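Several structures are given next for inspection.
Shared chain: chain A. Partners: chain B in the first complex, chain C in the second.
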Partner chain A sequence: MAFETGRSPAVQITPRQRWSIAFSYMLIVIGLLLGVNQRDSLLNQTSLYSNNTAGISASYPARWLLDESQDNVFRIRDMSHLGFKTTIEVRSLPVGADGAERNLLDHLSLQRSQVFIDYSVLGYDTFRLPDDSQAVSMAYTFVSRHASPFLEGVSSVVNGLDILTIRRGQALVVSFRAESSQYERELQTFYRFIETLEF
Partner chain B sequence: MNPRALKTGASVSIAVLLFLLLALSSAQGSLDLGLERIKRATVFVYQAETAGNSLIVTCISTGTLISADGLIITKANGVVPSQQCNGDNLIVSLNVDLAEPPIPKYRADIVTHDAGLDIALLRIARELDGRLVAQGELPVLPFVAVGNSDDVAIDDNLIVMGYPDIGNGPVAFSRGTVTAFLKEPLTGSRTWFKTRAEIPGTMAGGGAYNTAGELIGIPTNAPLAGSAAASNCRYLNDTNSDGLVNSSDRCVPTGDFISTIRPIALAQHLIRGARLGLNVDATLGVREAEPPRNPPLVSRLFVAPSVRGAMPSTVVGSLPSNTRNLYLFFDYDNFSAETVYELRVTRDGIPDTTFSLPPVRWSGGERGLWYIGAREQAWANGAYEFTLLVNGAGVGAQKIIIGGGAEDRAHFSDIVFGTLDQAGNLIGNGSIVPLGNIAFARFLHANMAAGRPWSAIWYYAGAEFARTSDAWSDDAFGSKVISVDPAGGLLPGEYRLELYLDGALSATSDFYVAGEQGSPLPRIFSNLRFTSADSLAEARNGSSASSYPSSIPALFALFDWQRITAGTPWTASWLVDDQEFFRYTQPWLAQESGTDFAFVLPDPPDGNYQLQLLVNELLLLEQSAVVGIGQLPIDRFAEIQGTILTGRVIDAATQQGIPSLTIVLISENFDASEFVWNQEQVVALATTDRNGEFQFARPLAFDTPYSVVIEAEGYIPNFADVFDFDPNQTSVDITIEMVRG
Partner chain C sequence: MVRIPQFREAGASESYGIVPVWRRLSLLFIFLSAVCGFMVIAGEALTIALDADLSRALSLMLAALPVILWLLIAVLPEFRVERPRRRLIGVAVVSGFTASARGLPLAQAFFVVDQWLPLQSVFQRIVGFTLTVGMLDVGLKFVVLRYLIYPQALRVRSDAVAYALASAIGYSFYLSLELVWRLEPTWNHAAIYVLSSFTIQAAASLYIALGIIESYFADAFPLVLPVNLLVAALIAGLAQALLPGLLSGPLSQAGSADRPLFGLVLLLAASIASVGAAYFLYAYSERREREAYVSHEGADGI
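Now for the complex of A and B:
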């Protein structure tokens, strides 16, 4: 058996076809851009929280669970997160005549050391609020464990950051907590939240 | 694609899946599920002593969760620090896997206890490492319903649940029947249930349940202190640090097999107080009773066919056939809540386990007249011998013959005390006589023949002070009144009258002289009032009122007293909304007369409070006060009905469980599309463990349309509406698949 080999003639693309291909590529790019834009807008979509009694308002990520039932002014949690649910918590504390920011942060640490596993303060710093006023911050870490005693819960290492400022005889503490491995990435969400916070 | 469209598509699949799985799971029998719930609510408790950096187990008990927020009922002996069990930590092991031993998970604090009843209420308060459980962080725990032990009848079936080993085996239960009720001078109609169920000593403190699965009693025992030979004892720790665990180490007492159950009715006030977080402080200005210094004594054993108040109606040496009531009386002294006592009964020389009482804690205070017996139960004919043992040693015995026909023997009975009115009638309550010059006693007599010698002996504080002996000159049947008028008048304190026929004790009764003459009752307590204050000093100077606003810091109750001598037993009973939550029975320890005896109840919730003052179980004075709206708040977790929803969330592609994913259960007032991620819309949250398993530990209401929402990074959101349970579904297990997207 013998085989014949040869070369097929070159295919000539018509201008119409060339435009069609270019147009298809453009549609794909536009679609991708729209998709990215849609995704970003979904991810960055926010809800407005407003508490006239406490005089606090802020924009927080949409689809985070808002909880006003605790002792805090309010708490929001990203329930879609696997592992420790990234949390932002805002609460006010009474301030004594002799109380300074550092006293209040130490008081928080004492309380947390009673309930947080392996709670440890990492350090203190200053923090500039959107209105250019100065606040103090405290970074800390602890271990979060699944609460149900009947399941094989896993522990997560959590990093936290408190921003504390005293206004009109009340201290406002804004706390951010995220799983250690996600902390730096999630911190941007917290900063965006702080930017919108009014009190 | 629009996220909402994605969710809609996914929801169809999960809704179908949920309904299929719910339908399948409903086929399980509710009885088994009830038993499973009881098992899950049964905990194992270690009492441990801190020794350097380690914990040494000192005692062990079974316990039972009776509320979703971690309230545990168990026996006091084993958790309350004592000579035998001197640990300072209580470790609670939960029943995570029903087929496996319990796992230590938490630490508990003692909320309240009654050493005599041998019942304690614990509350889970700390994580295993000693940290406080954060507010709202304790999951809703499985618990059992508390039933009514007064409804239990002889031959009723019961189940006793507990841990038959020393924490190294799974929970188990014994089936049995109630064989007898034993009665002692405690409130309530039954002091003990007797059963032939095989109950190992380590199951003491667990639960006895009726066929409805309700807790009706606590099996208790009292291993003897320091006597490994006399009772079952296990060696768990190297307590002497010699590198070996052997008989040189201190053992953990477990006790022998149990046949007695303490009815839950006797602990209802403790349970109520613990549930409501009501802790009355009764120690304001009161000195502590000193423990007895001398060894326990028992004397004057005799048998009576019936009881009047806490006193014998008459004294008998034999009883006829078909006897259904029998009580063994005895005097006791130098007893304490640490005292272990036991009654061994033989009939014709053969042990009678039905009416015997195995070693139990003493509940009667330091001294007095006590009885133990049974009413409305068949006593077979035979020669009975009752032997009392205290701390393992025999202290007295009494014999009686049951059989033959009823005899028309001469006897005295039913002694009551009081004073005479102007018409010559005996007035008073029968057991308390006000101060005066003369006390009267009335008793019944039967089959008396003229000339028969009889005598009456009067005692004050244990010493004879008057005696009359005479020949009988009254009718054969009837009642007779006698009196005593000691020189210098009646002093406040405890009195006794003994009536003898032919030199044999025929009837006896005790009474107290206290207080001023009142109408109709002696006036011992007065000026009972409530006040709200921050301190006792402020309360004593404050004005009283009958209603107070919500959130007062403390509710004080104060009263004055007159002419009550030290040692007179008295009781203060606190009630809220007509339910007793605190009962304080002690010998009187204060001065003979005085003012402003105080109780304090910190942080009382809204309710209608009442304080009753009693002497010898006789109500002498009561007062009430309203706080807030005058009604207790409703406990939304107290409802046991509902479905326990458990399940697993898996990756649809890999079929592997997805860990740390949260499932949101939405209130029936919203469907999933209306969910705006507000906690107010959420009924419960559950998070998967490392295997993807989850559990909504809180029971979910029947016939209520819940919605479920699951959002997880890397997966298409899932939701389902109209997710309800019918009343047959006490437990439901589902599997949810998540699709990557």
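Now for the complex of A and C:
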């Protein structure tokens, strides 16, 4: 078998071909940059939620599902996840004049320990809200299992973070829950949500 | 200054001893479509419940089917001709590694198309897939072809088509393998995945080849190659945006079932249309070049 080893005389590319290759690289780079731009604009696209009765407004990711049917003021979930759906939940609780933030968090923990599997509080901390006021945060974890016993699947470990602040005799609890593998990444979405939250 | 057209070095007489590529490409499509079609029809007609391990093994073998057919139909005959295309396997291997090292990680982890594109409108999905996955796949394959074959391995026009097909084979093999390994589809669904992955990559690669041919052999206007790359990315984007929706059945109270037979027919129609259009453009360009060469020689009185 005779392979062609030497370069043919036509192997040198002309200036026009050189430009052609350069334009091709430019097209690929510009195309990919436009793709990044479209990804960012669609991933960070937000919708405005406003509830005049509760006096709450916030911007949430447009691709997340809004749910107002529960006891909460509202709840938003990222339905694109296959396992546990990343959730942000906003609840408004009435408090007495002597109601302390820590007491409310303990009350929430007691409620959850009866509902969530293997619920455990990881710690408490302070949290600075966008208007520079102080709030209390509570980190916790639990195990999430499919609601239907007929659906086969592996349970997920979920990390959660509650932010609690009291104003005008009302406590606002903003809860963030995500699968532990997604938690750190999704936390940025939660912080962006908190920045737009007005109460 | 009189410019000597490169057609002189790459004329019809030069194609002596070189494996014809379009016939091989058609045979590859026919055999692959026949095998995948048989699997899909068998899966629909017969209620065979294969053991999970056997089904997985069958699916993995299906992922390798385009490579095996390509080796038998396109690469093996190269060893029997006087002037073989000796970089075919190299281009396929490097393209496969490129898909593994750059293409898929960038599409899944950087562009995260699964998170934001499937929920958009049809138009946004087409534009999105074209500018992300389409541009990425086409860009990477073009870079591989540019550095491995352009211009040193190009002797005749069909060389570009053969190497572009090799690039598509390597690239689609890794994508199919990863998909079959990760999603563990049933064997008849794996057949659709493999056929669609190969069809998308091969159709896009043919337009990259047309761009390279026009640029190198016809010394075309500098924007011709980038426009061909854009068309290739658009084909990849269009197919990836529309295929999943067309493969799924309409939503009803009983749920949504897949439509593999419909998908198969659609894929066959898409592959015939894209290969046919590419061949038409290839043949037209070649004829125009030959006519220009003949008239050039006539004018010189040679």
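Heads up, the rule we're going with is that the second predicted complex is superposed on the first by the 190 of 199 C-alpha atoms of A that agree within 3 Å, B and C clash if a C-alpha of one lies under 4 Å from a C-alpha of the other, contacts with A are read in each partner's own complex, and residues count from 1 in each chain.
Heads up, the rule we're going with is that a residue touches a chain if its C-beta (ideal position, glycine included) is under 8 Å from a C-beta of that chain, and two chains touch if they have at least 3 such contacts.
Remember, predicted model here, so these are calculated numbers, not experimental data.
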item	value
Partner chain(s) touched by A:63 [first = chain B, second = chain C, both, neither]	both
Contacts of A:154 with chain B and chain C, given as first, second, both or neither	first
Which of chain B and chain C A:32 touches, first, second, both or neither	second
Partner chain in contact with A:114 - chain B first, chain C second, else both or neither	first
Partner chain in contact with A:19 - chain B first, chain C second, else both or neither	second
First (chain B), second (chain C), both or neither touched by A:80	both
On chain A, positions contacted by chain B and by chain C	42, 63, 80
Residue ranges of chain B touching chain A (in the complex, touch as defined)	3, 40, 94, 96, 103, 105-106, 127, 129, 131-139, 141, 658-662, 664, 676-680, 682, 685-691, 693-695, 697, 711-714
Touch list for chain A against partner chain B, complex	42, 47, 62-71, 79-85, 114-117, 146-154, 156
Parts of chain A lying in touch with chain C, wherever the complex brings them together	1-4, 7-14, 16-17, 19-24, 26-28, 31-32, 34-36, 38-39, 42-43, 63, 80
Residues on chain C engaged by chain A in the complex (per definition of touch)	6, 9-10, 79, 82-84, 86, 111-120, 124, 127-128, 130-132, 135-136, 138-139, 142, 146, 150-152, 155, 211, 215-216, 219-226, 229-230, 233
